[in-house]
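Shared chain: chain A. Partners: chain B in the first complex, chain C in the second.
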Partner chain A sequence: MLKKLSLAALSVAAMSLGTGALASDCTIKLGAVLPVSGPMGQVGERIANTGQFAVDQFNEAGGVKGCKVEYVLRDTQGQSTVGVDAAKSLVDLEGVQALIGAVSSGVSLPILTSVAVPSKITQVSCCSSSESFTALAEEGKTDGFWFRTYATNRSQSAMGAYLTTKSGFKNTAVIYVNTDFGVGLAKRFEQDIAKLGGSISTMVAYNESQQSYRAEVTKALQGNPDSLFLVAFPVDGATITREWLALGGTDNLIVNNSLRSDDYFQAVGSKYLQNLQGYDSAQPRLPSVASFNEMFEARFDGPPNGPGLHSVYDAVSVVLLAMEASGDITGTNIRDNIRAVTSPDGVEVVVGPEGFKKAKELLAAGKTIRYVGATGALSFDKNGDVQAPKMTWKLDGDKNVETGYMSTAEVAELIEKLDN
Partner chain B sequence: MIGLVSYLVFFLILSLIFGIAVLGLNLQWGFTGLFNAGVAGFIGIGAYTMAILTGPSRDAVFGGFELPFVIGLIGAMVVSGIAALAVGIVTHKLKHEYLAVATFGIAVTIQLVCLNWEYLTGGTLGLIGIPNPTKDLAEGPLAQNALFLCIVISLGLITFIAIENIVKSPWGRMLKAIREDEIASSSLGKDPARIRLEAFVLGCMAMGLSGALYVSFIGYVSPWDFLPILTFQIWTMLIVGGSANNRGALLGALIVWGVWTMSGYVISNVVPSEIQAQGGAMQAILIGLILVVMLLLRPRGLIGEELQVSRHARSLND
Partner chain C sequence: MFLQHLADGILSGAIVSLGAIGLSFTMKMLRFANFSHSELLTWGAYAALVFLSFFSTFGGFFDQTIGPFSFGLPLLFAMACACITTSLIAMFLHLYVFDRLSRSAGHMTMVFASFGVALVLRHLVTLIWGSDPIYYSNELQFAILLPGGVRVMPDQVFLFGLTIFTVIFLHLFMTRTRTGIAMRGVAESPSLAQVSGVNVNAIILWVWIIGASGAAMGGVLYGMTIQLRPELGFSLILPLFAAAILGGAGSLYGAVLGGLIVGLSENLSVMIIPTTYKPAVPFLLILLILFIRPDGIFGERKR
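Moving on to the complex of A and B:
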């Protein structure tokens, strides 16, 4: 008995010694290239600190393979040349195998094409939303080294088309703002609605901040549309909607997320908008999101409000979990294992040191896991993109009420259907 | 060790690409006294021309002619030269700060056009997949970058020799004469406006070349690459290196880009991890400090203009 006990005590001691010694003996570097100064400095600094927070929590859980993770942050100053140099120096001089960053697409993309892909380094961005990444991945020019934890705008047109056809509208007019956002969304909508069995009567672009949109509205009314898909911002959107209704347009309106605003409802008058429907991004309703928010508040004395905070936490976590799952820690292995730690049929693990500890145990036992993070369960498609959950809404009297919720998986399924 | 070599190659490529633009600015400011505050715009024109001429074809975007690298380089120089000619003709009566304000405005306009003229430039999305000529010639990033460095060194050397010869020629002496005293040079029957225009166009062609090299090296171009900060960097390189000295221009590119990037490396290794996010501000301070100190110690730049005395005159020491 005594022997057994002492043996147990010894092994416990050895274990704690073992991990303790290892954790201080070796370090694994994780590179981050973020704009902590320059025009994006304010945003970037909070993102950078949240990245550090994720690394600290992972270290609390024992680090990667018993090694302490060192978070090496470099500033891009919001400039592509500086960002590219910082990334190259992290890869060549610090020997990092994975990069977190950058924030602007105009910086992330040069890093991807001139550093990450040639050097076979996995790059995960928290915040770059450009469609160019998807295009590049489709052409096979990213070799799969690109991931982002920020949901792309792809789902917007899909949601618009989904709402329109679900309501049984067959002949839809589109009025959209003439910016890269509006043009991109409207063009995608045109493709998407055809796939779902709807059709378009006319597509009309409008330029911002005009006094009247009579000409545009008149043009859009041609062809007797039974519904209108409006991509606009509140002030111009209200002008267009008023003129549309005044000239006898249908009140079957589908609007984009920017019009989910009291300014818009009041300017038009809620009573005229009772047949309006819209969509928006939804915070995933998951315990992992709430527990991230709690831990964040405890650490930073304030809620995680601001762009990129949830998504950078997940970017770091996913990379570190993938490192843990890799044999040798190389960019290629990290790339290959990112999907193994976000596998839809894996065992669910959540955020925080406890979650990471459990994840490490499961990985050590050779299980696949599904990381459910600060932005919910991530599932990267073949281009490294993720989707966010969406909700649909309408007006009931003056009240803005939710009419439906689509989880990430459902959004991804919808887009899959539209893209193939 | 290999990492260090690989990084140095990468660093040299970028600083020499800047160096070529600095050589162009040196011809304009250093030798002719033209205050061009629109450097980023002309680099941008060269970059987009390269991207359009050599890039892959895309739906709804003009260009994608997939022409060879060399054609792209020549095209970039020609188009930025033509743009400079147009700008130069419009602004030929402007001098000093007036020219600076005008060219600054033109650079901002060029950047905004790149941002909004989607059909030509891809708008905010930029143009992707611009081929790097070394991709088919060598295996692995280090070999490819080393080869690209050879290309940049050769082109940098050609630019350097060309501009050296230009400024040593009688035409080059005229540039300096105009810089020093325009009235005196026109009294000798020279046409300052025309010569200024010629220097402006030649300088902008070097900037276009620099932009073209940047795009083929990085493989991507977007309007965000040509913000006014780039103009400021190129100017700093020239002033620190020594204006009116071509070796100074190249040295300035190396030193300033070195300070700019190595300060980031130093900061991220020195600053404790808890306050790493503040490192960006420290880096900005460090860059500013080093540049100010350099200018205080060597106001004419690291290697300033060489004193030139007519070989017919007697030595100054006599």
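Moving on to the complex of A and C:
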């Protein structure tokens, strides 16, 4: 049945090819499930267009195995039910062997478990950061079909623990927002800080948008902590910080990246935050990133500002390179070859048609390659996760200054150390 | 830590008490649950902000803060002006919304109308002042250490003192003045009071003035010790109702005690249950009191 359908799809594609003026007489489909409408429509559309951009550049370099790549985009509307239907139709009707997407973790997850894994299709997300995927992969439930080119939340707790222990704090209180994000991060932090030689005095969760957090702060002050790790968003974070400082809490604060915000600094008062430290994601400082930015600007008349643009380009690129490296183009082969094209000891290839051309030649010659993309050199761990570079910052007067930069490799090394 | 939670509970309960007095009075005398009452706290707090910047422009003598407190005379004047402004808003609402509706519409209509008024009031605040938190003073006030390891901020001591003063003042007003006694009469039975020669309409306006002024003071004190944001009143609505119901509608001391119980139970609860369940405590209190003593601690049994 499936074979017949894909044959039918192929013949339809072949018919449409007859009318178009195309270089090659075969096509290979790449499925994309992205939220081009709905609450994330604006973000999703830019991501989808950037995916198309990567496909176009690959076609410019000659396509996959001499065949033109067709980018088949389906809308998820940001909803998991719509997303699963879209992915199903791409796999069953269009016969795609790889899926790009989705954006929200809540959409990517059901697609992975109910479409990609059962149908043995490789799924690469540009944007889903939830740790649930890592857990799923650890349990062996993804069969290795899950990859993402966007760093997980994993690194956040690692950076928090790193900053805390690096500053010599021994007894840290944790106040965290009572959401999936906050709870996950705080629990990880608890494990991480123990590995790095710190310890936790108390862990206190708080609910968002409360009138006051005196009770929470009072509880967190128990055990005389010498530092506070605060996982919060600016408005509540400012309330908590003010009450914390007013009640005699230490000003040795370590905060998560959402608090790197002027609203927060002003609400608390910068002069009280001179011992505050934080971390955030950073763009890698590599020529490949700069050349992607240039090409993007030339194509879209604007810089690639916005979430997921760099990472979707890389998601598409690695899938297409893996297809090129595969014998038969099947989901399983793509899955296995994604590591072959991002191999740390491979020959480096960069973004753009020239880079892809070179990659294809190297692959044809039987060499392994290392794709250095728009997000830098990708290296997927056993769970399909990647790391991104991080930076640390503090306040100097009113100014937010960078205090350190950790490359992807350094972040990966830190997490490796924490996980073992 | 018990003492600290106790102190925190009393101090946060004091604000709830001030707000609950007005809510309790309107519930008893106007006979409907006014969900927009909590927004009067917000308006009081923001009105004071406007007057504060007005008085602060005088500079000199007005620039100085009083003793250990974070504020000076301007905020006290601003608080008085905020009471007047909020009373005017309350009277306006009474004349153009609640009084008109009460003549023809049923009880539930009044409740829903108050919901609507609450929405309008809250969003007007967002429209005028924006949704970001604002502080009367951007200076951070540090807590002083009391015996027993209890930390309180000087402003909170002021807050507590002012609440006690207000309650004593209201007590004297209700028991010693003609208006106060007439007010209690109207609470008992408006028609009987009217035959006895009490101007019920005037008394009702007094109820609004007292309620709104209490709310404004609560709002300003909240803004002073915590922060101003448009959801200030909205986030207090449950504690306020819990306090009013707990104390029994119409009872001054019931509302004060109710407020303190709500504040204490919220703060003490975190010693036993995780902090994330704290907001549920007022709900549980309302349920409990409705089961055990539906008319509240100081409420009279219905005949």
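Everything that follows uses one rule, which is that the second predicted complex is superposed on the first by the 396 of 420 C-alpha atoms of A that agree within 3 Å, B and C clash if a C-alpha of one lies under 4 Å from a C-alpha of the other, contacts with A are read in each partner's own complex, and residues count from 1 in each chain.
Operating definition for what follows: contacts are C-beta pairs under 8 Å (C-beta built on N, C-alpha and C of every residue); 3 or more make two chains touch, one makes a residue touch a chain.
Here the structure is a predicted model, which is why all the values come from computation and not from measurement.
S.K.: For the three-chain model obtained by superposing on chain A, do chain B and chain C clash or fit?
M.R.: Result for chain B and chain C: fit.
S.K.: Who contacts more of chain A, chain B or chain C?
M.R.: Comparing touch counts on chain A for chain B and chain C gives B.
S.K.: Which holds for A:36: it touches chain B only (first), chain C only (second), both, or neither?
M.R.: First partner only, chain B.
S.K.: Which partner chains sit in contact with A:246 here, chain B, chain C, both or neither? Use first/second/both/neither.
M.R.: second
S.K.: Just to be sure I read the superposition right, which of the two partners does A:140 touch: chain B = first, chain C = second, or both, or neither?
M.R.: neither
S.K.: Rounded to whole Å, what minimum CA distance do you find between chain B and chain C in the overlaid structures?
M.R.: 12
S.K.: So which positions on chain A get touched by both chain B and chain C?
M.R.: On chain A, no residue contacts both chain B in one structure and chain C in the other.
S.K.: In their shared complex, at which residues does chain A touch chain B?
M.R.: Within the complex, chain A touches chain B at residues 35-38, 41, 44-45, 48-49, 52, 70-75, 77, 79-82, 84-86, 88-89, 91-93, 95, 104-107, 109-110, 113-114, 118-119, 130-132, 135-136, 139, 141, 180, 183.
S.K.: Sort out for me which residues of chain B touch chain A in the complex.
M.R.: Residues in contact with chain A: 3-4, 6-7, 10-11, 14, 118, 123-126, 128-129, 141, 144, 217-220, 222-225, 227, 229-230, 260-261, 264-265, 267-268, 273-274, 276-281, 283-284.
S.K.: For a test of understanding, state which residues of chain A touch chain C in their complex under the given definition.
M.R.: Counting only chain A, the residues touching chain C are 178, 204-207, 209-212, 214-216, 218-219, 222, 235, 238-239, 242-243, 245-248, 263, 267-269, 272.
S.K.: What residues of chain C sit close enough to touch chain A in their complex?
M.R.: These residues of chain C touch chain A: 1, 4-5, 8, 12, 132-133, 135, 138-143, 145, 151, 153, 222, 226-227, 229, 231-232, 235-236, 266-267, 270, 274-276, 278-279.
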